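I'd like to ask you about the structure that follows.
Chain naming follows the written order as A, B, C and D, and within any one chain the residues start at number 1.
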């Protein structure tokens, strides 16, 4: 309800649910999604991210402009499309957010604790990670998703991610596959992509991170995973931990070859 | 809704204390109207003539009422103004766009809709008022996923 | 402070298409905070003047069309909200 | 549980490459942390979670039967009528809160029923992860046996289908006995919109 209360207070009327012929409704909702993508304010977040990327911060008063996202210091073009990948300097597989965190601690000299104090923002104050994710991801538009899958640690991350996807635990005995396991299923009206299959993973992974019109917030993949585990009644996955990176690696490798067209705009 | 009205009045107050240079027109009466009929009256458009020359491009179904994209084009010669009213919103008038010499009578914007509703577009052309209507259904998504 | 704006003005079919993105909360609850006026200027001349309400979505995105226009023309979009805050952006037609 | 482990040793499980469910559990113990009421004991798999994970939700029939029988024993059937108030049940079915780290501990949760099931025909925003329950009682009757089955199924769905994706709503502490009775009424009461 929190999501709606903001509008709800103003719009006293309840949001109506409209029964419609399923096929027509689906087509119209696709049209809606296309129209909101065309009229998306997502570029504002890319602008905010560019500012933060270039802003000197931390004890070293350094910007992130020398951050190496895998293609060399400061190279942004197509870098996001190739994440997660193995980084020799950290000796681990990293997704965008964990790599940004690495650069914040190494280049800017910030503590991990300080840099992760507020990783998920809100509509009034998006987080630094959210802005930066928008900016970096935006530089990969048109590039095919090609997460690392050759290094032994990349293969390991993929396998761990896959195992996590099907692992049932938590207070409600759920795995990712409990909801994202069979085709054609919905939670309420929301269709559920079967993300371990390439044809479903592709359009989804090609549009994260994303702006959500329902709450005017820019959301990252780390948030997406975090919020799934919240709803699955698990404890909280630690930000940028190997488990979260492994899941993203599994999903992105599964989506390999899809041209990136984010940051996306979602309902 | 009283609080909204009070604050709308307050908002106007803020505007009034600003230096005149920064003052721009904002039709307090039309935007404060609680029905489409009252808003139309305030716009001086009580009985607009239906017209097929006003094109409203919008989804039939909006998954989320927080963002409903609407694209409006008037093909009426000499169109000088376009107003958008969302019939069932507490304050129906969402916007009014005046086109001077050099602008085409076209606008695309995102609006909030509290529930399924008719969207009315009023165009002024040659000093006369015309109207076109489109119904937009608003559904609501899942449990936050 | 007013957040960033972004604008793109491009020639499309002999006319100029202006797309502007504005960072603004457009709140519908107290305290109300929303843009009331958006103005478009073409080479310094006002071509669109608008009044809008809090029913325009958060972080507004508008598209306008201007007659004719040429590469390098100056387009300016400005806004003013109910608290008297304002911002503007100017760029050349591409 | 001993029986389960015996079967696990016998059967060839589809391999998720190098990661066993124990490995994954260790990763979770390292990479997850407690927040609010969502404590770390939740990443420790119980027997059925492990069997379902390792068998890809297709446990051998004998093992499934044995573990379902264990689950049946967890159900605390109240005495007397199991039919509560369908109106309250409808509200409980709508609510999706409970047990999340964003929910306050002890506050009554909901059944999240509409997330996965169709129930009252008036509610068109319903999920399809579970079967439609429209006209459930009208079709199946609402006698004591059916009441007991529905109560038990909501309390612990795994007692009837070991690897069901439906949460054990009573067993997990999501719903109280009173709330489950109200949901039984929503499904079985002839006056409930589900059956009208």
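By definition in this document, a contact is a pair of C-beta atoms (placed from the backbone, for glycine too) under 8 Å apart; a residue touches a chain by one contact, two chains touch by 3 or more.
These figures come from a predicted structure and were not determined experimentally.
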Higher number of C-beta pairs in contact (A-B or A-C) found for A-B
Using mean Cα positions as chain centres, tell me which chain lies farthest from chain D. C
Counting only Cα atoms for the centres, state how far chain C is from chain D in Å. 52
When the centre of a chain is set as the mean of its C-alpha atoms, what distance in Å lies between chain A and chain B? 35
Where chain A and chain C are represented by their mean Cα positions, the distance between them in whole Å: 30
Just the number, please: Cα centre separation of chain B and chain C in whole Å. 16
Shared-contact residues (touching 2 or more other chains) in chain A: 7, 10-11, 17-18, 39, 179, 186-190, 192, 213, 216, 231
Residues of chain D that touch two or more other chains: which are they? 115, 125, 127
Which residue numbers or ranges of chain B touch two or more of the other chains? 4, 66-67, 89, 108-110, 112, 139-140, 142-144
Any idea which chain A residues touch chain C in the complex? 6-7, 9-11, 39-41, 43-44, 47-48, 51, 123-124, 213, 216
Can you list the chain D residues touching chain A in their complex? 16-19, 21, 23-25, 27-28, 30-35, 38-40, 42-45, 48-49, 52-53, 56, 99-102, 114-116, 123-129, 158, 165, 167-168, 172-174
In the complex with chain B, residue positions of chain A that touch it: 3-4, 7, 10-18, 20, 25, 28-29, 31-33, 35-36, 38-39, 179, 186-190, 192, 213-216, 227-228, 231, 267
In their shared complex, chain A is touched by residues of chain C numbered 3-6, 21-23, 25, 27-29, 54, 57-61, 63
Complex contacts: residues of chain C adjacent to chain B: 15, 28, 30-32, 36-37, 39-40, 42, 45-58, 60-68, 80, 82-84, 86
